[in-house]
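Which chain is which? They are A, B, C and D, in the order written, and residues in each are numbered from 1.
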Amino acid sequence: MATDYSANELMVCQAARQLRDGEVVFVGIGLPNLACNLARRLHAPGLVLIYESGAVGAEPKRLPISIGDPSLVTNSLSVCSMFDVFSYYLQGGLIDVGFLQGAQIDRFGNLNTTVIGDYARPAVRLPGSGGACEIALLAKRTFVIAPQSKRSFPERVDFITSPGCVDGRAGPAMVVTNLGCYEFVEGEMVLTALHPGCTVEQVRENTGWEIAIAEDLKYIEPPTAEELRIIRGQDLQD
Amino acid sequence: MATDYSANELMVCQAARQLRDGEVVFVGIGLPNLACNLARRLHAPGLVLIYESGAVGAEPKRLPISIGDPSLVTNSLSVCSMFDVFSYYLQGGLIDVGFLQGAQIDRFGNLNTTVIGDYARPAVRLPGSGGACEIALLAKRTFVIAPQSKRSFPERVDFITSPGCVDGRAGPAMVVTNLGCYEFVEGEMVLTALHPGCTVEQVRENTGWEIAIAEDLKYIEPPTAEELRIIRGQDLQD
Amino acid sequence: MSKLMTMKQAIRRFVQDGDTIVIEGFTHLICFAAGHEIIRQRRRELTVCRLTPDLIYDQLIGAGCVRRLIFSWAGNPGAGPLHALRRAVEHDIPHSIELEEYSHFGMVARLTAGAAKLPFYPLRDYRGSDLPRVNPRIKTVTCPFTGEELAAVPALNPDTAIIHVQRADENGNAHVWGLLGVQKEAAFASRQVIIVAEEIVPESVIRADPNRTLIPGLVVDAVVREPFGCHPSYAQGYYDRDNDFYVRWREISQDPGKFNSYLDEWVYGVRDRAEYVARMGAACERLKAGDQYCEPVNYGY
Amino acid sequence: MSKLMTMKQAIRRFVQDGDTIVIEGFTHLICFAAGHEIIRQRRRELTVCRLTPDLIYDQLIGAGCVRRLIFSWAGNPGAGPLHALRRAVEHDIPHSIELEEYSHFGMVARLTAGAAKLPFYPLRDYRGSDLPRVNPRIKTVTCPFTGEELAAVPALNPDTAIIHVQRADENGNAHVWGLLGVQKEAAFASRQVIIVAEEIVPESVIRADPNRTLIPGLVVDAVVREPFGCHPSYAQGYYDRDNDFYVRWREISQDPGKFNSYLDEWVYGVRDRAEYVARMGAACERLKAGDQYCEPVNYGY
């Protein structure tokens, strides 16, 4: 068991462990991409990666810096239009897992990628939904990977881009941050596991509301040597 | 001017003469196909032919016997799905001219390709609409080429597959038969021209209602030698 | 994990009595081989869907497999009517069948809605036609922006789609070219998909041209290798349409005796498509496609 | 009848002050050359549409060409925010702009409706999101079959679509491979279409692979030959994405001085794309694509 690893590396490992072999994943760039590739090299060799850009079953020969990188197209199994991606794959119910990120997430699992402050005159204009709104609504499970602070974990987000536990919906299956791991119970976020070395106090200090703590609070398993080797190698051709 | 020609040949000529250079035509097999190819070789070299099957700008090297013939695909400009054909080309308003045929056409320009007799227990079950219903509604102009008899020209068709002058619509731009040529005035069919050698009497005998006759009734121009050479040659490679 | 199996296995596993199935193909790539196997396995009470039910649906109907037909144009393309269908509709021979009838656009819209898991699809169609009068599944919907009334048809989600393709890998990732019809929509709309391929190719062939993939393996349940499986329909680049057979079918289907003799000889009388092809003999050679290769494109970066 | 013209002519003729335009491309095939010419011709009061307004839209906004932005994700893909856009929205620099905002699916649906001349498109989306609260063009429609309430967005029909492609003939019949985005829908939805091609090829090249045609010439008004016209975006098979430039843009766009210097040097300071490419010099070589050709298919019969 490794002891020298970053919070990001642990987040990637924890996300990867949630993926099951054979699942179809709608994947973005960055940590989710690393998590998917990690899972494929370990317990989920049959994971199918679909990029929002339309590349299905990509096997990139370099680390893509954008979801539209040409390396995702060359040698993929299929390239399809945005109409097909959203109508047939996502709305069609073929996506098992979607990854979401956000500038803010609240106690109900709502995500904000639109504005900080007022919509008409924002303090910070963020990029907007992209596919996030429909991924939240239409993927069978969603995972959120986000850095945690009081600002990024407010009680209510400034703008609901991607709905969480509203309207009787279950919300994200899991939120993974640099401090811990969260699930939703009866429509509200609950801390279920801590990063080794992190404390409930730290979590409370970095959450904008009185966060619920699971009775059987655990620690996230640290990355194995194997996991770290793969993440750090980023050797996409092996 | 030729004198030795068939009614079919004259029908093809008369239909071809209605087509304007640069128009986009939704074309079927048989006489409409011959009419389009005749027009392209004479006054409308820029005519664009789109087959219901999805072949755009086909240049078949043999006479296709079906609208899905492989010779319509090889060397065409584009092949598209049925979704594209109906959504983007036809409903999208790109089709200038559509050709229709039918077992029956009535005084209001309604066409029947569904059943003779009662729908639930028909005397004759015909193939059905195919694309005919939407071609009638969505092409900018339609031409009907049909053999004429009292049975095929009833006052009311047994079943309206493709609507004519209903709901304030203009109906077909022209109907061409083996006896004459018809247009619609105030929602009703009017004989506007006769085949050379045919009489108004013959038309009346072969029409299921009291057909209106245009005041300036004309004769259809017989095929020119050039027109006949092309039709008979069917030399699709010239 | 290969999905390869024989046609016999695929039909046994994925087509049950009472199922709703679609064997798509607009003139091109119509899987006669699958239709024949369904007849041989004597499936009954099927609801069969397709824009253009043609000879193979005429055979399914005449063989007594079909309870209901959902369609838009039922004919022998370029060669007249379908007489087995007519006998069923006009004279209840071998038994009555139900018709559920649209136009082509309506069928395309139903399958598109099915693929997209939309409950309906709006289209500008049917105004003034008698089709909505005889088909209560053609309704209207009002545009929330313009107030305009449009036609609406419900999603169609068959149990099983059978899609013939030129080449596929063992997982069902399928390359198709030439006429595409409504095959992609039918595959995505259906609960189960059988891909029947002229050739099984290594995954690398598929990956070398990902834009050519019409149907991704992730929606596919079975992959059957069946060369010449479309005859008398055609596979662009493999063999031509057997136009003579389409013309001859008129005569065969018109006469119940000839119809049954045809089934006895070419369907019940052969074990599988391979035996059918062997019986065809030299006729297959005659239909073999000539060479007209496209120019390749560069996927490099 | 050739539709070939220069970019200068095409923009002069088909992009007017106050027009609604769309320069589509999902990361791939984004026509920076057209955007630069629009800036050079100092077009004003444009409504610009696109799923992913990126660097070229940031430049249009910072240069003062834009009145309204219709979009779903505005960022520098893989490299952060668009600072010229942020200055306009947060501080009205150079002037305020209006935002009309959807999700990707909503934009795809708007353009699909536009292409199909449907007044609206239904989709399962937006329930629980604040987007409909700030955008009154997101409404609902009730399914006439199930009673289910779905989201609905109105058709989007721009005046002009500018679509970059790998190769086209003089009439605008265009082959595209790699990521396809929503280009086909944007072209069919727009009143006028400018095709910008890396290569102009004989019609016979197009006809040799008709399934590769994404956009047919019959909807095209102008064809512009513009090699390297996508840089810093990419053209699969021609040149790679200039990821370094995307990263550098963050710094350029953040500083109004650097932003203006960039425009002075690379937009106002060159006559056309050819001069831009000449100024790039050896950098172009570095991005040139390697060879990875697909296997050809047979269109014979």
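We take it that a contact is a pair of C-beta atoms (placed from the backbone, for glycine too) under 8 Å apart; a residue touches a chain by one contact, two chains touch by 3 or more.
From a predicted model like this one, the values you see are computed outputs, not experimental measurements.
Trainee: Work out which chains are contact partners of both chain B and chain D.
Mentor: Of all the chains present, those in contact with both chain B and chain D are C.
Trainee: Report the chain whose CA-based centre is farthest from the CA-based centre of chain B.
Mentor: Greatest centre separation from chain B goes to chain A.
Trainee: If you average the CA atoms of chain C and of chain D, how far apart do the two points sit, in angstrom?
Mentor: Each chain's C-alpha centroid was found; their separation is 37 Å.
Trainee: What is the distance in Å between the mean C-alpha positions of chain A and chain B?
Mentor: Inter-chain centre distance comes to 58 Å.
Trainee: With chain centres taken as the means of their Cα atoms, state the distance from chain B to chain C in Å.
Mentor: Taking the mean C-alpha position of each chain, the two centres sit 28 Å apart.
Trainee: Could you say which residues in chain B touch two or more other chains, in rising order?
Mentor: 55, 70, 73-74, 79-80, 87, 91
Trainee: Could you list which residues of chain C touch at least two other chains?
Mentor: 112, 117-118, 123-124, 177-178, 180, 184, 208, 211, 234, 236, 240-241, 292, 299-301
Trainee: Would you mind giving me the full set of chain pairs in touch?
Mentor: A-C, A-D, B-C, B-D, C-D
Trainee: Considering the complex alone, what residue numbers of chain D touch chain A?
Mentor: Spelled out, the residues of chain D in touch with chain A are 26-28, 51-52, 71-75, 77-79, 81, 85-86, 89-90, 101-105, 108-109, 112, 123-131, 134, 177-182, 184-185, 234, 236, 240-241, 243, 246, 292.
Trainee: Name, in rising order, each residue of chain D that touches chain B in their complex.
Mentor: Contacts found on chain D: 1, 112, 115-118, 173, 184, 188, 203, 206-208, 210-211, 213, 216-219, 299-301.
Trainee: List the residues on chain B that touch chain D in their complex, please.
Mentor: 24, 46, 48, 55-57, 59, 70-71, 73-80, 84, 87-88, 91-94
Trainee: Flag every residue of chain D that touches chain C in the complex, lowest number first.
Mentor: 117-120, 122-124, 137, 139-146, 148, 150, 152, 154, 166, 175, 177-178, 180, 205, 208-209, 211-212, 234, 236-241, 289-301
Trainee: In the complex formed with chain D, which residues of chain A make contact?
Mentor: Chain A residues touching chain D: 29, 52-55, 65-70, 73-74, 79-83, 86-87, 90-91, 110, 114, 119, 121-134, 137-138, 159-164, 166-167, 169.
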